[in-house]
């Protein structure tokens, strides 16, 4: 009973952990059950860790304890980053995930090579190669992505291109694959190729990210999430562990689906994101004929909104940068109190990560049932008195609907131009992410409110509360 | 390469078969892709069969060929039954499924017992017991259900009850379980218990169905589907075959979910269906005060419908029995041609199996996008001029909404009573499935059209086409 | 509904794992060989619940007949019993099982397709 | 969307099974031992696609961080490398991997919960 019983407890812990992870993601389908999902995830992870610690033959308890304590020491501060830094944090943590997968693969390979080479079957070697390539590629790729997002000085934000870039990257990748295949054929004889694979994977991660603009990073991060998941799957194949395989497959599909959703909402293809060097054309798009722009004072805007019966607020990346969400909340409160019907229109790729606006507005305690998705709010736009655009640009650019030459042509947008009046808060007439002008801001019915989003919304609130007077 | 290669082809065929079965059910989510689903199912099954035929050591090709040919010979006619007989056919085929699972379990047990008793591990024996119990229980249970549905003479339609029925059934089942457990503990020593288990399972299948009324059979059939699936799962555990396990799990969940849906739509619980002996109270429900019923001639009804602008047709079990769907199609055509807006209101448990009305109306070529689900049509009932109830009863009984003492209280219904006028086709004032009177038929605004559904609808059509005259 | 489904999954899984721990404790060798099967069962049930709850109400009758056909996958076991050299009685059991499964496969898929062919929109076929 | 997802599943699966057939042909013994793992992978991917496509758009940011935490399941491998008696260099690799995974677990779950706590309806908490 004694020693044969422990593996069974471990097996059951893994089985239960697998089910809990599935429930964790299942419960994320609704904000009401989502926190239960986190609980299930934590429970699953705890079962997995405890089950593993029951494995026979573990002795290096000090090492384990130190690593765990350090993990907590670094992990807790990392979980407290401001919401605007969440993309970077996510990238960084994919780097950690890649590192862990890669290191385990390396350790397992050399262990088997030294102690029991017969364990290195072709299949295992295939799995180890996949794990190591995916792991190290994710490591450097995610570090680059995090750097670009954090706007670290020595990592160029703009896409860097050079002649034959895609061809040489492909060549490099092909070499790594060939080395991997050789090792699969003879895991022991070709053991000297193993470090080569590692170096190639590390280099490939860097080269893959260099030609991608900082602004495309969210899509890339999602893909890297997928790779990190697949690395965990490969590790599962190496260690013959089904929990790892399922958890990895869940992540792999999550990353893939989120990046597909982002690509679709931007009306771009994967290959365009990865190899299109999007964002470098930005500089060219100046020099069109001068057009007139009307601007308005916060006081005037406040008056208009006060008299409206339906106001729709369209938040964008600018609101996130300015951290204006709490002021927006005040604006929402005061308008609602004055009897104005206020809704938020959320574009799927507003901001810089999927669901970005939702979290920000939720942070400011705005009830999530007032956040309306693009497809649901667009039909109501015609009956809206005032649209207030706060730091959004591409997601309200009507060119996406009709200008076939525009780089964002075909991307679904929020029809802010169809409302009776549009107020737009931004600091200048500079373009947004896609680097193109927005004709909405030159339209008859649009009035600009120039300035930082936080400051302008603050003034709106002041004007509204000062002005007093019921509706 | 030679012999070690074949199992791999088999493995891959099974893997692909598993994926295809999942896609088959996935594609059933939409009528547009559903036929592709059947194709995937057939492909998966073909792969499974061909993969198995490649297994080494098969010699009895004549037996296999004969069985396959006979299977086709019986299967093809069975697939041509009229749609009204589909419930019976389904029950019969669950019986076949249970039989197959049970026989394989028996064969495997005696094979291992004779040739290699060490193969009979505790786990395998557990799986075999489960397979045999579930299989044989499904066999007799489904035969009983098919008999009740087909109204075979020597199987009583009404629930049969006797004192201590549930207790004695439970006792029987407990004995079977104990025998099974004893065999798990010592598969060889207790081998004489194996026939006992078989007999108990066969008996239990009969006893389980006896107390259930013929009209509750659809729910029971769905549950038996679930059991047949679980029997396949058990067989998968016995044979160490993952394809069987997945396919069985898919069926198991399908049966369970469909029966849950039915129970919910009838506002009853599982235990009420299984042990409630529903339907035996029917005889008591007579003797209420005589109330007046208005009736109408087909000609009068035709005139009313011709002048209406919105007509909603509520089909029920009576339409299925009378095979009136083709006449209903003619009625639909002629009314539509006269400019009347005609919709069908489909209650989830109208008829005798889930989706019954949809198939019948589809058979009569009525476009499925004109079939509206209960929840979607109810809000429109107030603006409907005429509701035509064709052989439905319980699904339009307003007592379900307000009469707490009614056995169907709480069951969601189609609000036919809220329309300006209601026309109801049935043969008499007899109650429907639940055996209770329907106050709708005594209401101010209801006019009865007595007669067989097919005949009455035919007369309506005649009156409408004869009457001529645009709208 | 969702609750009940979750409950069902948990129940199935709890039963499976309870029984699983028992024989493993009793037999020291190969005690974990059935674990992969349990995983497959658990994951298959999750997929089943996910896929079936998405099926259109319109198609519940064809759904019943297609799952019916799929559960005839017992044909695999029947072939493996009927095929190899065995005492005749075993071969007969296998052949009967094979006949029964084959009947279900043929009639199940054919009737499903027959029903599905009937579903049309205004714009004609499909 | 649906098409692409299906395509993704098929692709993953095709890759997996292609590679799977190769080592099996080369080594006669235990050639099928990895099949259960392939099944688990395939079924897990199906579940992943099914579950993730149902996640509310509202929660895509927390979704990214919770999957992030879950992919730190690599912790299992890290413990199994760091724990047993091995040459020190291996233990160090394992410990670093353990540290990295532990960081992801802690920060991933904490930040997800922090974000989810913010989502409220009009009727207050939850």
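A, B, C and D label the chains in the order they appear, each numbered from 1.
Criterion: contacts are C-beta pairs under 8 Å (C-beta built on N, C-alpha and C of every residue); 3 or more make two chains touch, one makes a residue touch a chain.
Being a predicted model, the structure only gives us computed values, none of them experimental.
Between B-D and B-C, more C-beta contact pairs join the chains of B-C.
Centre-to-centre, using mean CA coordinates, subunit C is 27 Å away from subunit D.
Rounded to whole angstrom, the centroid-to-centroid distance between subunit B and subunit D, based on C-alpha atoms, equals 39 Å. With centres set at the average Cα position, the gap from subunit A to subunit B is 46 Å.
The distance from the centre of subunit B to the centre of subunit C, each centre being the mean of the chain's C-alpha atoms, comes to 17 Å.
Within subunit A, residues 22, 242, 246 each touch two or more of the remaining chains.
Counting partner chains per residue, subunit C shows two or more touched chains at residues 20, 24, 36-37, 39-40, 43-44, 46-47, 51.
The set of touching chain pairs reads A-C, A-D, B-C, B-D, C-D, using the touch definition from the header.
Only residues 6, 9-10, 13, 17, 20-21, 24-25, 28, 31-32, 35-36, 38-39, 42-43, 46 of subunit D touch subunit B when the two sit together in their complex. Within the complex formed with subunit A, the residues of subunit D that make contact are 1, 4-5, 8, 12, 19-20, 22-24, 26-27, 30, 34, 36-37, 40-41, 43-45, 47-49, 51-87, 90-91, 93-122, 126. Within the complex formed with subunit D, the residues of subunit C that make contact are 36-37, 39-40, 43-44, 46-47, 50-51. Interface residues of subunit A, counted against subunit D in their complex, comprise 21-22, 24-26, 28-32, 34-35, 37-38, 41-42, 44-45, 48-49, 52-53, 55, 57-60, 63-64, 66-68, 70-72, 74-76, 78-81, 83, 86, 89-90, 93-94, 96-97, 99-101, 103-104, 106-108, 110-111, 114, 121-123, 126, 184, 221-222, 225, 228-229, 231-233, 235-258, 260-261, 264, 346, 348, 353-356, 358-359, 362-363, 365, 367-371, 373. If you check the complex, the residues on subunit A that touch subunit C are 1, 4-5, 7-8, 11-12, 15-16, 18-19, 22-23, 242, 246.
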